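What follows is a single structure, and I will ask about it in a moment.
Which chain is which? They are A, B and C, in the order written, and residues in each are numbered from 1.
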């Protein structure tokens, strides 16, 4: 027997409009009644492996010991592999499709330990179709792992070095500017960038931001702030967020809407050229928001 | 005393924008602190008894022993009855309004055993209005049942044969074609039909589908596939889904949006007439999506 | 040591699209594994302190003994205080930002007892930014309180009389009419007003309602009903809701959409002037809905 766990932390793009998530939790409870399932989120956009991998990475330092299950799985039923990966010396097992959604979290948890492909169909639920692996494969495996079944009894060992890597975009310097990417737009419209505060220190708290480059560049002034209400009316704030990254933010309004930007888009940070009057940016909407 | 239960599986149209579901769970916890509530879904469209009954039916084989509570209840406070129905020899009790929402699940669970109408107001919460039976009637009854109160102590016995039946639409043959109905459009835009794979075997994996009949029929070719990513770009796939029914699906896109169809609408499946070139359907959007 | 609790009831505007709520619950479980978290709702509109305070007030009579955590917190990281307030002789502790969101619930729970400001950063999680107090401040404090840490050990005592009050709008009489406010539009489109049934008794079950005053007043006839399906087609119903207040409602349709009104707007109730034919109001939509 392996180690027993009593928590499954569950992230997916399954949404809550349908009964998908409820059924997965019902299956886990049936197999391992002692387990508490924590819903990290099921609001990942459908099929968005990248967004799922980033959200899981933001969670991973906070999840309790146990099983972490992440099913953003557009390739369900195809030849993509279902895997389980031990991390942190067995304190956790991360399970999901081997499509990159797990990779950043595995790396943040210290890298992959023992890993298996979930090919033992005896442990899975019988199913008429191959569309619902969260219910038929991942949930029962999570339950069995929580019950103390050893990792090597839920699948066939694989080389963790051959797992599909995640793609975390890095910022890029170009002629003194920093080409960043919006990693995440949250419910409040804050736009997390792939840069930390150290990388913009050179500009001393005030810098230019350009969005919609290169076809319709719009340039604004952004100012560092320590909290949302510290961003002045009409200004664009840059705040160190809960993950330690810079996020574009407004006070009690959506920066994504104001700037008309979405996850995956480019934002260019750079020095002010002196033409700007500090902090006297106009609060008008730059173009029709989406 | 009756049998004790430790799980309540809860489905509703109450949504999660408001505090309805949270308050129901607070009431259950107050009465029966040992109980875990599994939220099957609360995203059933407001007032949609049919959608609720179908979702509950899709869940029922997976819920753990215990109480199942389904409150899609537009007639709350009227003369519609609140009922509790024993199923599976007492392994489960299904409670909710007697408006058809429970019926398909009861049937799938083997049919109604002992049944009562929840007319013992001493067991309910006092309430200023009659609008929130999930909180005031169903939640306390669920709690008491979990605590081991016998079914016949939470209401007055009724004849289970007189419960309101559910309506599950059957497909219909017409001149060699199969007139189907969309039972469910899920978050991903997959459109579950009320037919299984056996019923289309005659067409050998390729068939015509017609939607928006009869006023503006649009005809496409559909091809059986075993999983979503097996549907070729530009093609419409027909996949056996997690419930064993055929679902119209695209690879990483919404079939409902592509075809402009919604739950309850008709889809006609039939033989190809030879004019089609297999699999070379065009990926253009057929008409403005909703 | 103080009293131990085993339930945290959690309300916020954090939504479920992102992983915010999941991470908060992960932190609580890590610190106090015996605790069950009840999600009251996380669907409060972003930044809407008033809506959050009203929702929490509607919940408070139903939450189990334990910690109640309400984080509608647009001022997070600013000088607004994070507080914990004992209520009901220690049966509950309500925690959250001191911005008014807690006040109506505290009042309904009998008023504030011992109160502290959560200024002991040793108890909080280390965090790169000050944007996520629900995770870094409130969750660990909730966990410690559940573990039996005394209130006076999680913060510095403050005078409860100096807590920020809530704002609950009262109706106002004007020339025989009652100027009300829509407190809440729920998922079904029911519009809760800030008046109870006693205040409209004078009109005997039929009255006029005027919306969009004063610029584009629209006048309709409203009729008291005991339940939603008791509202006749084409009529506007007034129903005593689950909180004991009057709510504008239609049968199986959204009153908010029909009347084009939203939370915070004014509704005028008054006597019929005799020109109306009772119950023969027209069902047409009054103006484009939003």
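Quick note on the criterion: a contact is a pair of C-beta atoms (placed from the backbone, for glycine too) under 8 Å apart; a residue touches a chain by one contact, two chains touch by 3 or more.
Model, not experiment: these values are computed from the prediction.
Trainee: Thinking of each chain as a vertex joined to the chains it touches, would you call that graph a line, ring, star, complete, or other?
Mentor: Here the contact pattern is complete, since every chain touches every other one.
Trainee: Please report how far chain A has to rotate so that its Cα atoms sit on those of chain B, a copy of the same sequence, as a value between 0 and 180° in steps of 5.
Mentor: Nearest-5 rotation angle for the superposition: 120 degrees.
Trainee: Could you state the distance in Å from the CA-based centre of chain A to that of chain C?
Mentor: 31
Trainee: Enumerate the residues of chain B that touch no fewer than two other chains.
Mentor: 16
Trainee: Okay, in this complex, where on chain B does chain C touch?
Mentor: So the residues of chain B in touch with chain C come to 14-23, 25-27, 29-30, 33, 46-47, 74-78, 127-132, 135-136.
Trainee: Quick check on the complex: what are the chain B residues that touch chain A?
Mentor: 6-7, 9, 11, 16, 36, 38-43, 55, 58-59, 62-64, 184, 186-190, 226-230, 239-244, 247, 251-252, 254
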